[in-house]
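Following: one structure in structure tokens, then a few remarks.
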């Protein structure tokens, strides 16, 4: 695969975008977007950096990434449920204020 | 480039053109009904052409039939969703079916 | 040449979409862009020679994640109709340098790894070699079930855990909350369901079966089946329920239990744990996993722990 | 059978009080009768066990309990002559203090907690006295800190909590220095048991500087509890504790543990010769001498009776340190015997201060006018203690001072005698006015805060003070008896200076 | 036999958790017992194996690495298994009162609890980098679900923060795994070393993995999520989080550092890790000193105590290994005891604000006792497991003449004493108003007994150290073995 280096660079940019989003976003769902983007970048990287075997792609990283995708969706699903509950309880979908009411007892 | 490849290219380009037109319509048309109009008609035709192009390219009846099935499913989904959206739009009496927070 | 152009187009769209996702003005559009990005990513996987991943990405990464995000968004909007959060947090001055640094580091490492005389992975070689003795044609399914079965088993456990944890943090009264389109009983919807539901079941079974030789497998099939379930939930054919039902519960854990028990049973035959007794076990486990994945994803989508059928469905 | 006895008795001696403490905790606040019985029973049992061990030692055995904490690192409890001296003192005084404390704390809250920790505290003291090596000593030394803290803060007032904090700040910091010194020392020598005369001489050439620093670390670590200037500040503050606690802190447990540790350090770890060889004896001596004078001067300035006693303790405990720092057999005998004598005398004084404070509400010295007429027996005891502190024969204090002075002259450090004389003058000048007030001044019309208590309570309080006073007189009068502390100390010292 | 036992140790709790989803609630009590009680007995078999023959490999599915996944049972993983089983069992005793099987929340709590348990067992056994990733995710998700299980706003917020950081940490770890696989094509962490040169690329990849794990184990300055998460979780969850969950990540770091990268020259990095540990100790203690809530104090104490585990890197010797492992054991028990006691206090008083705990020792003597006893070990005062760990650290530092570390370890106990005695002093303070004893809300005595047992365990660890230390000495990484 001659395009591996290209996709590695794409992964790098996507990772950077994810990091940026993670930092600047206050809303939790945006943070989840960002984390998912970072995750995708890493998945691309994992497949792209593994050297091909006899011209065919290495199946192991693909299997790992497949597992990774399912884990990512699981974690996202839970995070979304948590976010909804947090919003119900506190009226906020951010983590900005840690000293708000309810931090005690 | 063989003849069949040329045909396929033609079909694919035409399909892309229809998709493009449909997308422009989606973005530019003023209300929900017009947008649906652009989406359903142009996009379905685009899908049809692209499927056809791919079928020619593959030169395999099995793949061609699967592609045909895909087109049918696309039609079905587009029909139902257009129907539902249109109903909603009419009931709401509004021309804007975007979610509450948008724009 | 054309390939490079295609790659560049895909990559450019990916990056543009990612930027849109993190910095777009509207949360809702962010979700849409995220889904589109997932689909684009599927193309990227295809370009990288990973059709299994392409399918999984389209079905799970874009489809299921997108649907979950949509439904979460909807709940936020229901609580506060004008839910339009401010776009950014406060610490934005350092964000760009940090992001560039992080991206740069990843790029440097990735390029270093790609360009430095890539040896074929030993594990990959071993897989391809070992696979010749098996009746499996798809090396990825081989890795997932035969060679690294524990990963897959624990991955199912992760999904189960996410489900349990999501239920645990959901308010009790919300477990009965139903998400449907506004009028789910128009004749057209009925017709659609009549066609789509059998078809998706067919497709998922096909994917499952194909998975042993061609791209596909339990995860992709489960995701497709889940889409069917999501449709049924949305059209109010089934709806959320806080009443736990043994059958539903069994469906949720079927994958985990069957894989674990078959994996443990190997020890009764004097084999190491996780050794599968034959192809039938692969199919059996994959079927059970498909059901579990589908059901769990539908439940996560519906935000509940159980489902009930609606009478007027 | 004999082996078993020799192995387990040292541990039992520690465990019996620890167990008592734990049972008292479990029994809870309500079961007062059970608590009293347990306390007395355990205290008596302890005395008996000490006697048993004493007999074993006299018969030429060495009871020793040993388990391994970390491979190569043992916890050793061993009864040698010195440890037996301290153990006897603790056991006897514990018995007396227990009787006193039961009466003193009648009707006050949190008694289960108090007596529980009281017992644990004694267990720790026993551990210190029986410790067969420096590590064991350290373990019980820290345990002592832990178990006395609840006693110091027992009243639960803000002042008590504050002085508890001071107490911890000093003792725990001292513990850290101790620990560093200990680790360092073991690095040089490997784990070693206490041996008369010490075992470090062979390392002198290679590690001279290290040994000096280690000595300072260990001495400071122990000096904190021994309240050597400038590490004494916690002691007067700890006066907020109930009187039995003060008595115990000052006479037996904490302060004495520090002094005892210094004795062990000089005699059994380094050996007197090496201490002198390293040039560490003079600094120690100077510190002790200064503390003696400083404590006395401070005591003179106090108007609060317990505070005055506290500074008196600061001063008196340094006599012990002085004794071992002077070097030579006679002074060492004086120091070691003062370990016992000071304990006996100081406990009398605190008992009496507690009686005056508890029954009459007396807190300040000027309030003592005419107490002698109101409470003749208690006042008599107080007098015995005070005179002993001054060093008047035949009370025990005289014996110690005599030996200290004679010892100093014997090694050619005559100036120490001047310190002793000055200190005696100071002692007299802060105790004699008190005695004058007690006996000669007329009593006031009304005592500050007189409370009515039952006869038996008074009897228990005054009785324990009298027992202590009799003991103090006894060890002074019978100093020549073969079983007296003096003879004992002489026997111990013969091992150090063969 | 060992293979079977190990497989059961991982799968029994997992299957029981699955069973809880299917079977009706009336089965819950029985299932809990099935999932937990046989474990110590099962663990005896691997223990005998290790004692007799040393390390033991389980080749899962019969496919050895690099093809398949391998479990490695060596003395260190055995120690972690015992720690996990022991502490989880005792904490479960407490949890069976805070989440009684007859109550509704129990159905939410117990499956996650057992999954957490099983996943930590799987984690410490795993010898495969990617399998470790999957198990770490399992651990994290189960733990966070448990934090949020009561739905209190503060806990939800803490859980969310933890989740985001943990996901990020996992990604860093995964990135490292991907790069290392790209270089070597191997995932077995004991095999990698053979295929890997310590080039900048691999070192950076390893560093990424370690940073990810440092986040998960809340090592200063990556600790920000921990206090709120541990301080607001339900009592038993706090206990297991502080006692085990953060530790297993540290354990993985040890594996990577001393086994995978055992031959590399990482001295300056090791010093950095040590400095982080030192800062953690100081920062955590000082932060604990200014907290107003009991559980927050205990949580910050965890931040501080985790610092000691970092000292292993610069000291890196047999003694240091024994010290760090022993610290793992004693802190695990002591901290679990403290959180359980705090949970009982919180339940009885309705608040864990220090200002409301004056005189609580009269009302809840058992819990205060447990707290104090565990505190002795945390402060490193003798006789306790904490003291012994500290002693071993000091010996290790002295052995290498690392005086800075020596003074740090010796003096840091004072900091712990400062914040713990502050708590104890408040509890001994006379209450301004009389506390009314509310019998109904009082935790049952057995719940306190669980705390006391753990605290006593931490103390007894100060005497019966030989088995653990011998075990650790037998399982030293190749570079450290004498």
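A, B, C, D and E label the chains in the order they appear, each numbered from 1.
The definition used in the following text is that a residue touches a chain if its C-beta (ideal position, glycine included) is under 8 Å from a C-beta of that chain, and two chains touch if they have at least 3 such contacts.
Everything quoted here is computed from the prediction, not taken from an experiment.
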{"item": "Least hop count linking chain A to chain C through chains in contact", "value": "1"}
{"item": "Pair with more cross-chain C-beta pairs in contact, given D-E and A-E", "value": "A-E"}
{"item": "Chain whose Cα mean lies nearest the overall Cα mean", "value": "E"}
{"item": "From chain D, the most remote chain by mean C-alpha position", "value": "B"}
{"item": "Length of the line joining the C-alpha centres of chain B and chain C, rounded to whole Å", "value": "26"}
{"item": "Separation of chain C from chain D, taking each centre as the mean of its C-alpha atoms, in whole Å", "value": "74"}
{"item": "Chain C and chain E: spacing of chain centres that average the CA atoms, whole Å", "value": "31"}
{"item": "Separation of chain B from chain E, taking each centre as the mean of its C-alpha atoms, in whole Å", "value": "56"}
{"item": "Multi-partner residues of chain E (each touching 2 or more other chains)", "value": "130, 134, 137, 141, 144-145, 148, 151, 156, 159, 175, 179, 181-182, 185, 187"}
{"item": "Interface hub residues of chain A, defined as touching at least two other chains", "value": "45, 49-51, 58, 60-61, 64, 67, 71, 74-75, 78, 82-83, 85"}
{"item": "Pairs of chains in contact (touch as defined earlier), listed by label", "value": "A-C, A-E, B-C, C-E, D-E"}
{"item": "Footprint of chain A on chain C - complex, ascending", "value": "3-4, 7-8, 11, 14-15, 18-19, 21-23, 27, 30-31, 34, 37, 41, 44-45, 47-50, 52-53, 56-57, 60-61, 64-65, 68-69, 72-73, 75-76, 79-80, 85-92, 94-96, 98-100, 102-104, 106-108, 110-111, 113-115, 118-121, 123-125, 127-128, 139-140, 142-144, 148, 151-152, 155, 158-159, 161-163, 165-167, 169-171, 174, 217, 219, 293, 297, 300, 303"}
{"item": "Chain A-facing residues of chain E, complex", "value": "130, 133-134, 137, 141, 144-145, 148, 151-154, 156-157, 159-161, 163-164, 167-168, 171, 174-175, 177-179, 181-182, 185, 187, 228, 232, 293, 350-353"}
{"item": "List of chain E residues in touch with chain D within their complex", "value": "359, 361-362, 365, 369, 376, 381-383, 387-388, 391-392, 394-395, 398-399, 406-407, 410-411, 413-414, 417, 421, 425, 428-430, 462-463, 465-466, 469-470"}
{"item": "Chain A residues within the chain C interface of the complex", "value": "1, 3-21, 23-27, 29-30, 32-34, 36-37, 40-41, 43-45, 47-54, 56-67, 69-78, 80-85, 87-88, 91, 93-94, 96"}
{"item": "Residue numbers on chain E that touch chain C, as the complex places them", "value": "3-4, 7-8, 11, 14-15, 17-19, 21-24, 58-63, 65-69, 104, 107-109, 111-112, 115, 118-119, 122, 128, 130-131, 134-135, 137-138, 141-142, 144-146, 148-149, 151, 156, 159, 175, 179, 181-187, 195, 200-201, 204-205"}
